[in-house]
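After this come two complexes, each holding subunit A, first together with subunit B and then together with subunit C.
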Partner chain A sequence: METTHKIIRKHSLEKLYVTLLENRKIYAPVKQADNLIGYQYNPAFSEVTFDHLQSTLSVKNVVFPKVENLFYYTNNKTDSTVKGIDLEKFPEVVLWGAHPCDTAAYDVLRSIFCWDIKDEFFAARLEKLVVIGLACHKSDALCFCTSVGLSPDSSKGSDILLVPLNNGDYKAEIITEKGSRIVAESPEIFENYGDETVNVTVVEQKFDHKQLTSKLSNAFEHPFWLANSLRCIGCGACAYVCPTCACFDIQDETRGKNGKRYRSWDSCGFGLFTLHTSGHNPREVQSQRWRQRILHKFSYMPERNESLGCVGCGRCSRACPVDMNIAEQLQALQSI
Partner chain B sequence: MCNNIYTPYLMQIEDIIEETSDARTFRLKFKNPDDAEKFSFKAGQFGEYSVFGEGESTFCIASSPTRKEYIECTFRKAGRVTNALANLEIGDTVGFRGPYGNTFPIEEWEGKNLLYIAGGIALPPMRCVIWNTIDLREKYKDITIVYGARSVADLVYKHELKVWEEMPDIKLITTVDPGGQTPDWKGEIGFVPMVLEKAAPSSENTIAILCGPPVMIKFTMPVLKKLGFQDKDIFTTLENRMKCGFGKCGRCNVGKVFVCKDGPVFTNEQLLTMPQEY
Partner chain C sequence: MNSIVSRAKELLENKSVQVIVGFEAGPTGKARPAFVTYPSKTDILIFDERCVQNLAVYLTKKEVKQFGKIGIVATLPIMRSIMMLISEQQVFAENIEILGVSTEGKYLDIADIQVMQGYIEKCDLSNPSNDQETLAMLNKMSMQEKFDYWQNELSTCIKCYACRQACPMCYCTRCAVECNQPQWIPVQANTHGNMEWHILRAMHLAGRCISCGECGRACPVNIPCHLLTMQLADQAHKYFNVYAGTSEKMSSVLSTYEPNDKESFIL
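This part shows the complex of A and B:
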């Protein structure tokens, strides 16, 4: 559908929030201890933050929870049974105030979970999700959305995008049918948009991702990987904070005869990730694992899933305990 | 109810064959007849086998798709799941998801000679396609099987090796590593590549299907080249660690190739274009 532009006055936001909360769960960012930003379900409107740079963790857990139960079983030797999960029971959720990098990540995740066979868990959660994005009026040196084809006011992945205006109100871009339905529920909140000026940050472009992707198609054996990953300790923090990392493990958990099989976040940075039972490991050393991380996102995914595996949020660089700056590395890779 | 792509079929162990001291074959039957009715697969495909409470393990389906009443798998006790599987008894339940992956293009092989070369526990991934082509025997010319193991005790499918040996239109060469023979061993003694070189099968109009430990592949490939085989006529099946089996969990890839979706069957021509990550 064609995008329509409206205005929400600053004082009307609470009304919208409360209306949405009447029959849905809201997942919104709040200030936590130590000035960290984290998302919570159904916080009071007064707690919701609008001026944060970024949450520590991404919001991928709404559609790809850290732990997702796949089914339950009873192990009775000759008479074991399994019981599936009722996907219909997943709640309707409104994601409130997520920045464009995080909302765009849902498209990336969709390209992983729904290429070929559709992952019903992911698809059902995404179906029940309404995304109200919030364009960025702040950024820092680690942000690089403009290098991966996005922008601080990109509407990708949002159903409604709120763009801060200089006067403190918000422009509301109504992008999808889901967004229109929200507008239809409280039409009086959405006023006509004139020509008020928006307050959006500028993020400097650091590299050209198309050029990078074409460079990487021949970079597998390049000495760059070893030289630039020597300090990587393989902690996996980058993968856990990443909005697009979707690799997972599958495990069983049993109590007595009953148990569940679940999937949980995993990381290609871990040595055990690809270890065969025989002891053979195709990615034996950290530099091979670092190479996999970069090539997967910037070479394999553009070639196989037609989407870049990165949204330029910069969280991996912020979380890295040994200060590996991904944008700097990508910049360097562009000219190897 | 509410089953999804991760929910396995429930299978009952109908028979257990002790292949070696640490390898077993399970014959598995679908507990739900409707599942059996709907299920079909092709030679080369694999599945995820599970013991509830221990997890899942990936192996090929070792029986032929021409035998519809059951599926078989052969595994070696090696890790947590395979040890748990080995502790199961006839009648016990096993979870199975599949079939996944691509297949051996046996229709394209019609009218050609087939040369199967396997080492040790790598015969099971090939047994499916061997029986499949034997069951369709009139479609293929000469069928030769070269199979070697460390010792006589390590040969799997001993009962079937006998069957193949007695088939007049199958040429079977078995071998064990030097020192691995028993006093009554009548097969060859020597490593698979050397035995293959001695047997010198013709490469003309022949497809070679090769599966074995990396060291065997490494030394057999040059022999095949010497015999005149082209890379596009040499097939193998790869293994990498997997969790989902259908291109999501992110660990089996070799470069941009998913072993679970684009494989596990590859020609040597394809392998040569892939990075060394398997």
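This part shows the complex of A and C:
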């Protein structure tokens, strides 16, 4: 459908929020007690932040939770019975106020989870998700969305995108059918848009991702990886805060006769990730794991999934205990 | 700090060491670990109040060890970690040179491990004062309140293991959480699995934690997990009268049996 532009007055936002809460769950950003920004289900509107730079964790967990139960089983003497998960019961969720880097990440995740075989858990959760994005009026030195083909007001992945205006109101870009249905529920909130000026931050472009991808296709043996990953301590913070990292581990947990199979987040930064049963590890040292992280996002994914595995949110750089600044490294890689 | 730069340069020039592990300033102004292998590059080394990371974690990292002998910029917590690593035979004194920094931020000339030991013994080895305050507050709580406090804090853990990876004493090449036959600790990052993980880590560090606080600093979701190991550092001092990382011949309080050990907890 063609995008339509409307205006939501600042004072009408609460009405929209409350209307949505009547028959859906809302997942919205709040300032937590520990001063970090985190998303919570159904916070009071007064708690919701519109002013944050970014949440510590991404919002990928709405479609790819840190633990997803896949099925339950009972082991009897001679056979086993399996009880599946009712995907119909996944709740309808409105993601409120996610920035464009986060909303664009759902497309990247789709390119992984629905690449050939459709992952039914991911697809069912995404189907039930309505995304109300919020363009950024703030950015910092670690943001680099404009280097990966996005922008602080990109509408990719949003059903409705709210763009802050200079007067404190919001322009509402209604992008999809899901978005239109929300407008239809409270049409009086959405006024006609004139030519009010938007208040959107500027993010400087740091590298050209196409040039980078072509450079990386021959960079596998480059000494860059070792020299620039010596300080990497091999934790999974970067992967777990990343909105597009999609690797998972599958485990069975049994107590007596009953158990469940679940998947949980995993990270290519861990040594265990590629450890073979034989004891051999094809990615024996951290430099090889750091190389994998960069190549997967900026070389393998563009080549195989036709999507870039990064949305330039900069979370990995903010979360890293040893300042592995990804944009700095990508910038340097472009000119090796 | 000029003396660190000139000492680093000297050590690299006369080939006493092959790499210097120190701090540099990153482009966003954060201090971060630096690995300098050429005398001409030592100018990037800095030392100021931003330089708090425990660099001893790199002494057991394969790619860093491959350089050869290591010169390391060492504050008090780093010196204590080095002492622990020597006592647990993970690092050998002859393979490292210390570029000491005193608790006042002044360069310390540390010729060998005995000199380092002498310096450590002169210092206050108790937990940092702000952590002592939080621990005192926690210790006043009832058992239930404490349990609720930790359950709440640990519920947000995502099991990225930054706490483990940042810790110089967590050097095991195969951590207990990576064993799945038997599966000691649930893999999933739910409150139950998270609590088991953090309690297990604390117990493995009982009497070995040198109170650097790096695990808590590394945590991307601000869990004060360092308080768990610091509490046990306090207990080890209270019951065994030892501080970790004070001697190269130290034995671990929980894995050593002495005939005169108190056994009052059994009866």
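The criterion applied here is as follows: the second predicted complex is superposed on the first by the 334 of 336 C-alpha atoms of A that agree within 3 Å, B and C clash if a C-alpha of one lies under 4 Å from a C-alpha of the other, contacts with A are read in each partner's own complex, and residues count from 1 in each chain.
Just so it is clear, contacts are C-beta pairs under 8 Å (C-beta built on N, C-alpha and C of every residue); 3 or more make two chains touch, one makes a residue touch a chain.
Just so it is clear, the structure is predicted and the values come from calculations on it, not from any experiment.
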First (subunit B), second (subunit C), both or neither touched by A:Val241: second
Partner chain in contact with A:Val67 - subunit B first, subunit C second, else both or neither: second
Partner chain(s) touched by A:Arg231 [first = subunit B, second = subunit C, both, neither]: second
Partner with the higher number of touched subunit A residues, subunit C or subunit B: B
Partner chain in contact with A:Ile117 - subunit B first, subunit C second, else both or neither: first
Partner chain in contact with A:Val18 - subunit B first, subunit C second, else both or neither: neither
Contacts of A:Ala319 with subunit B and subunit C, given as first, second, both or neither: second
Partner chain in contact with A:Asp249 - subunit B first, subunit C second, else both or neither: both
First, second, both or neither for A:Leu142, with subunit B first and subunit C second: second
Those residues of subunit A which subunit B touches in one complex and subunit C touches in the other: 249, 251
Complex contacts: residues of subunit A adjacent to subunit C: 34-36, 38, 56-57, 66-67, 141-142, 226, 229-231, 233-237, 239-241, 249, 251, 253, 262, 264-265, 267, 270-272, 284-287, 319, 321-323, 325, 328
Subunit C residues within the subunit A interface of the complex: 26-28, 30-35, 53, 57-58, 61-64, 156, 158-162, 164-166, 173, 178, 180, 183, 186-190, 214, 217-218, 220-222
Complex contact set, residues of subunit A against subunit B: 70-71, 73-87, 112-113, 115-121, 220-221, 246-252, 254, 259, 261, 263, 266, 268, 273-278, 280, 282-283, 288, 292, 295-296, 299-300, 303-304
Sites on subunit B touched by subunit A in the complex: 1-8, 10, 12, 50, 52-56, 78-79, 82, 89, 91-93, 95, 214, 239-241, 243-244, 246-251, 253-256, 261, 275, 277-278
